[in-house]
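Listed below are the structures to be examined.
Below are two complexes that have chain A in common, paired first with chain B and then with chain C.
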Partner chain A sequence: MTNLSKRLISQDWFPLLLVTLVGALLLAIISNSFLSAYNLFVMLRILSVTSLVALSQMLVIAIGQMNLAVGAIGGLIAILFGGMLEVYGLPIGLAAAVGLLLGLAAGVLSGALVAYTRISGFIITLALLFVFTGLNLGITLSIPFYKMPQALKDLYDSYLGPIPSILLIPVLAAGAVAGLLYYTRPGRHMLAMGGNPAAAELAGISLSRTTIFTHTLSGGLAALAGMVAVARLGTAEPTIGADWLLPSFAAPVIGGAVLEGGYVSVTGTMIAVVIIVLITNGLLLARTDPFYVQFFLGALILATVLFNRWRSSVNVASPETTSGRP
Partner chain B sequence: MGALLEVRQVTKIYPGVRALNGVDLTLRAGEIHALVGANGAGKSSLVKMLTGVHGPDEGEMRLRGEIVRFSSPQESLAAGIAVVHQERNLIPRYSIAENMFLDRLPTRHGVVQHAKMREDARRWLDMLEVSFDPATPVQRLSVAHMQLVEIGRALSLNSNILLLDEPTASISESDVDRLFKVLRRLRDQGAAILFVSHKLEEVMALCDRITVLRDGKNACNDRPLEGMKKVDIVTLMLGRENAVSDLGVRSQRLGERRLELKSVTTELGHRDIDLYVRAGEVVGLYGLVGAGRSELAKAVIGSHGVITGGEVLIDGKRTSIGGVLEALRKWRIGYVSEDRKGEGLILTHSVARNTAITIWHAIAGQLGLVSERGEESAIRPHLERLDVKMTSLRQTVGNLSGGNQQKVSVAKWLAADTRILIMDEPTAGVDVRTKGYLHQLVWELADSGVAVLLITSDLSEMIQLADRIYVMNDYRVVEELTNSREYDLMSSSIMNAIQIDNDRVSVPKPAAALA
Partner chain C sequence: MSSVVEKEAAPARALRAARLLSMIQAANTGGLLFVILLLIATISAIAPSFLSPFNLFALTRNLASDAIIGFGMMVVLALGQMNLALGAIGVCAVMVTGYTLEQLGLPIPVAVLAALATGGLLGMLNGLLIVGTGINAFVITLATASLFTGLMLIVTKATTFHNLPPEFSALGYSRVGPISGFLVVTLIVCGALFLLFNFSVLGRQILATGANMVAAGLSGVPVNRVIIIAHALSGVLAGVAGVLVTAHLAAALPSIGEDWLLPSFLAPLLGGTLLAGGFVSVSGALLGAILVSVLQNGLVLFNVNGFRIQFFLGLALLAAVGLDRWRTVLVQRAEKRLT
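So, the complex of A and B:
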């Protein structure tokens, strides 16, 4: 037990977990309705989308780039998914598979553009943000697809035994991404590229291939997020994804990711998503003006970045003393 | 004994420079071979060729007798040539094991086998007789230990040819001993090792044979080191025929001491720095790479490295220079950086902007606006004086030739009308004509009353231009010489001063020298 708690405390994300628990406790004290089944369910619904968005961005951060088109890809796939269901009446499974493939394809496109033009990923994905958003609005004329099949809503609200199915989405996605990053060659190559691109290349890792691979996965996760959002809202709205950019960066950064690449924390990112949901939810419960949500989110990002800087300066202060021959 | 790797008559031409001109090199199994030469002699061009970064323009390379041609670093690596670069190439957060096997992580059903990898790494670490835990992240290791990890990686690739580029540049004396022990053992096991270094004592202590490069040619090829003395190597490095070309006679109108340092120490580790430059004088600061010359210059202008002790005097008055801006505006000290592309110029901006950057405050109009016409009229005379070849003042500096870029990076200090000009490697990487031009300019500037402090690793340039020479070693000024402009005499006194100082400090090496 002591061993386990020691390991827990030594984790990078442990302070975050404390913040989350304290925050949840405070909310439970302030508001009777916080722990109500309905409220927990509402939070879980937000969590299901935001966690996918955060993981999508986190992968690109891992290789030292950014993907501004996360929301645009999610939004485009969301309305294509809705269109396939409403206009063409495709089965949900098939529509979801096609949506996922299109999301991966969008990722291949942005990855290949970044890898082969060697133009900064910031600019490429900024351009694609507008391209995908423009396609979205051109197809929908900004009118949502309203008639989603009842089966989709039922699936979203279903239970696997006592567990709501939508809880599986963040859990499975996080598990898969963590496994990828720590236990597969492509995942190790991604973090190596983020950590020191020159060294990775000299060691024989193809930076182009790794870039394309990463953007492809990021596109796939963004597409999943878009389709889950459709299920959650019950309509395929063209505005899906428009407000994802801020949380997509906020969660990995609060979770401890190094923006230059080379280090991300899946657990940290997921806890950060919970914190973001708590802030959003808590401020509503406390009847605060919802416009202040962004203020608190910004303050939290600043606080965590400063905290991480302080912590790494404490750790790095004496590299020689820890380097000795064991 | 047959050669493992043979380089025959290779030539490499970069725009405007013949970096290698018919060079030979031979590496044999079971030998440590030294490659030495002054800066710009072609060592790094040769290493780049061996490691597949650049192909040769002429000549051939034979590996075990067969002609090879590498078009990428991966190909050279696959052929069994491993290189440990001067700077470290590791993923900081990754473990020792993972850094060693990064390009061939062992997997089972697609899952990376971290435990197996650590076992494999253990084998190679044992071979190097080091006992690190292979799971340690490399960012916790010292530079010397990181270097051993890179050597371990090279061994794990089954490379029997190992190139080490300045491996002792940033590690301590005891780590050097450890490294040498490892290298000798590898040699005895049959590896061919190329040791590139400018530290001659280490070359003498470690290597079996030597190849010396000078001006892109072999000054000696594959010679046994036995029976050679340090002075023989120095002579080969510098050459005797390198006569001083005629610049005319220096007028000796020297003024008062304009810049003077008295017992200056810096946080970078400089000690006992005593020097002065008089108005109208060209004073040289000579030393080998790592002697702390550029660092001293930057500390003086307040750009990097705080002066912690001693006195800085300008025009005989004790002063403290608060920063680069103050150095320029108040004391009119200019610094021509050795790193033209990194620090000297903004490559994507125009010639006019790059030159006028030092005087924008002076030529700005009443609203603080800088007009293009104002810029051009202020800088045109200086660019014309330097004969900068350009299509217009609005041409992007990055598109000029190296020599013309260097002229622009000097021109901005002419425009600023500096009274003290520090020139750091002003002719590095420029063609012969531009070199002559810049040499002429240094003397003209001095004649017009500027105090010039010249830092150059080109000994013949130093002896040609300077009136007096301070020799630096190990972050100290170890000798002051009046320049007789007789090449043989001066070069041997300078090299002697450095060697004597090296012998003096070689036993207890203070930590500051590693800064």
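So, the complex of A and C:
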């Protein structure tokens, strides 16, 4: 066996990749519309929103906290973005920049509240979930902004060679997040804090600063996801983000993240997003009730956490496998 | 010599700290009561219709189910765990109630028992999964929430049961004086939980497990069994709330339970229950639920748009946990000064 394939097999996400490939193969055999250009295009577009949502949550999981407000921030920025385009007629670039800034600001707010009050991040972001959703519904009165500029639609439909250009956003975001976590000082600080906050603090890492930094990035990614969702739907709906809670946790957890913090896998999370999209898409192609999607997502989370638990217990039981890993 | 002095002083110090703690705890309950009375006085001064029998009835009917939803979360918070599947279990119980009444035509007590049994079984399943796998309760209940809701939708095909027997729907209009008869159910549940957590072995075992699972296990508490029972109890309470909501709406809808997340955390956390586990306040949770219902009702009376109410409830939660945090800091400072 070559060195490369050995390294591939030893990766945590290798079983996930196998599942994905087998799943895709099965879908291609069962349904001949699966590999049609149209269907692939639809899937890649869903992928672009879900992967940003997953990355947003994954960063906060890395430091051992949770961000229940990912969907609420995404939804609020989505309708603000839509409002800026429709009501004030701002150019898309400017509106997107303002939206991103507002998302970062929402992240700063929740990060600062968690860091300085020392109240559990779960509660703070739960409260902010309702504050942001209330603002969203208070502004829109639950009526979407329908008139998105044609330029946004065109931008969304544009291609860079064979690849939809909208896919660049999550790919770049995933690359940036991976670079941050594995090659920069703030990223190492985040993982250190997630692994053992007390030890990290003794090592001179500022927990408050790391918390605020992480929530800020999470808010920015949630805002991006919200704006991409607006481009995808062609309307700024107040319900954007309302159903992000499950996928936001499902993807990182299936991807191998430790919920207590300290370990996340960007590759694993992205593969998990593909699996989630495949399941959703596959069940739709098989013309099953949409209700099955929710059931299978729940079952998938349970199955993978059980599998990861089983694998880690096998690894602990036989020391050779652990020492043999790079 | 000094060591003897220390030995004598230590228990006295501990006693003083304990007394301070219980005083601050009482201050929390008292403070909550004070805030509620102030809120009621303000709202009824501005909008006299607040005290009308019609409004009091509507308020107490909502309060009854919200308080029980809060209790359902409280019993697992006591363990230091969460139950994100509370709403999903609730809606399963709702659909079972509807099915037994409408399709099977069984009497009401049987339907209620079936609903409670469904809740208890699903809650027990959560507990078994948590204990059996050792995986975080958050992940397990997040997954089972999706699993239960999905299963319910697959089985019912998202239909509603709205041809419930009139005797059942009439329960929604039962009154005791000006207030809803549902509140009697809530008070009975409240009393039972108070007895459980203050005077029963099981209740103390739940709290001990929440405070320190390892220590509890070493002192002979059957930790796994306690976790399973607490989750089953949480499921039963979700079932009770489901039955009340079904009677209130006179229909079993598959969308019930979607909006239970906020009330489930609001009531116990406003009431001083610790997220970390090991401490609950049953009367506090009831007062917390009352505060939320009064606030919500007042906002409606002031013609605040229904959509903005979420915003204010979110702020209320932030304010409550902020105050609670401040209280804890005060206690810690006081303890430091004592030692």
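One rule holds for everything that comes next: the second predicted complex is superposed on the first by the 316 of 326 C-alpha atoms of A that agree within 3 Å, B and C clash if a C-alpha of one lies under 4 Å from a C-alpha of the other, contacts with A are read in each partner's own complex, and residues count from 1 in each chain.
Note that contacts are C-beta pairs under 8 Å (C-beta built on N, C-alpha and C of every residue); 3 or more make two chains touch, one makes a residue touch a chain.
What you see is a predicted model, and the numbers here were worked out from it, not measured in a lab.
J.: Between chain C and chain B, which one touches more residues of chain A when both complexes sit on the common chain A?
T.: So, of the two partners, C touches more residues of chain A.
J.: Of the two partner chains, chain B (first) and chain C (second), which one does A:Val305 touch, if any: first, second, both, or neither?
T.: In the superposed model, A:Val305 contacts chain C only, not chain B.
J.: With the two structures laid over each other on chain A, which partner does A:Tyr159 touch: chain B (first), chain C (second), both, or neither?
T.: neither
J.: Could you look at A:Gly262 and tell me whether it touches chain B, chain C, both or neither (first, second, both, neither)?
T.: Only chain B is touched by A:Gly262; chain C is not.
J.: Once the structures are superposed on A, label A:Ala200 by its partner contacts, choosing first (chain B), second (chain C), both or neither.
T.: So A:Ala200 only meets chain B here.
J.: For A:Tyr292, using the defined touch cut-off, is the partner it touches chain B, chain C, both, or neither? Pick first, second, both or neither.
T.: second
J.: Under the stated touch criterion, which partner chain does A:Tyr116 make contact with: chain B (first), chain C (second), both, or neither?
T.: neither
J.: What residues on chain A does chain C touch that chain B touches too?
T.: No residue of chain A touches both chain B and chain C.
J.: Given the complex with chain A, which residues does chain B contribute to the contact?
T.: On the chain B side, the touching residues are 73-74, 77, 85, 88-94, 98-99, 102-103, 105, 107, 110-112, 130-133, 136, 139-142, 145, 153.
J.: Please output the residues of chain A touching chain C within their complex, sorted ascending.
T.: Where chain A meets chain C, its residues are 66, 113, 117-120, 122-124, 126-135, 137-138, 141-142, 245-246, 249, 253, 259-260, 289, 291-299, 301-302, 305-306, 309.
J.: Which residues of chain A touch chain B once you look at their complex with the stated criterion?
T.: 182-185, 188-189, 191-192, 195-196, 198-200, 202-205, 262-263, 319-320, 322-323, 325-326
J.: Can you list the chain C residues touching chain A in their complex?
T.: For chain C paired with chain A, touching residues are 129, 133-136, 138-140, 142-151, 153-154, 157-158, 261-262, 265, 269, 275-276, 305, 307-315, 317-318, 321-322, 324-325.
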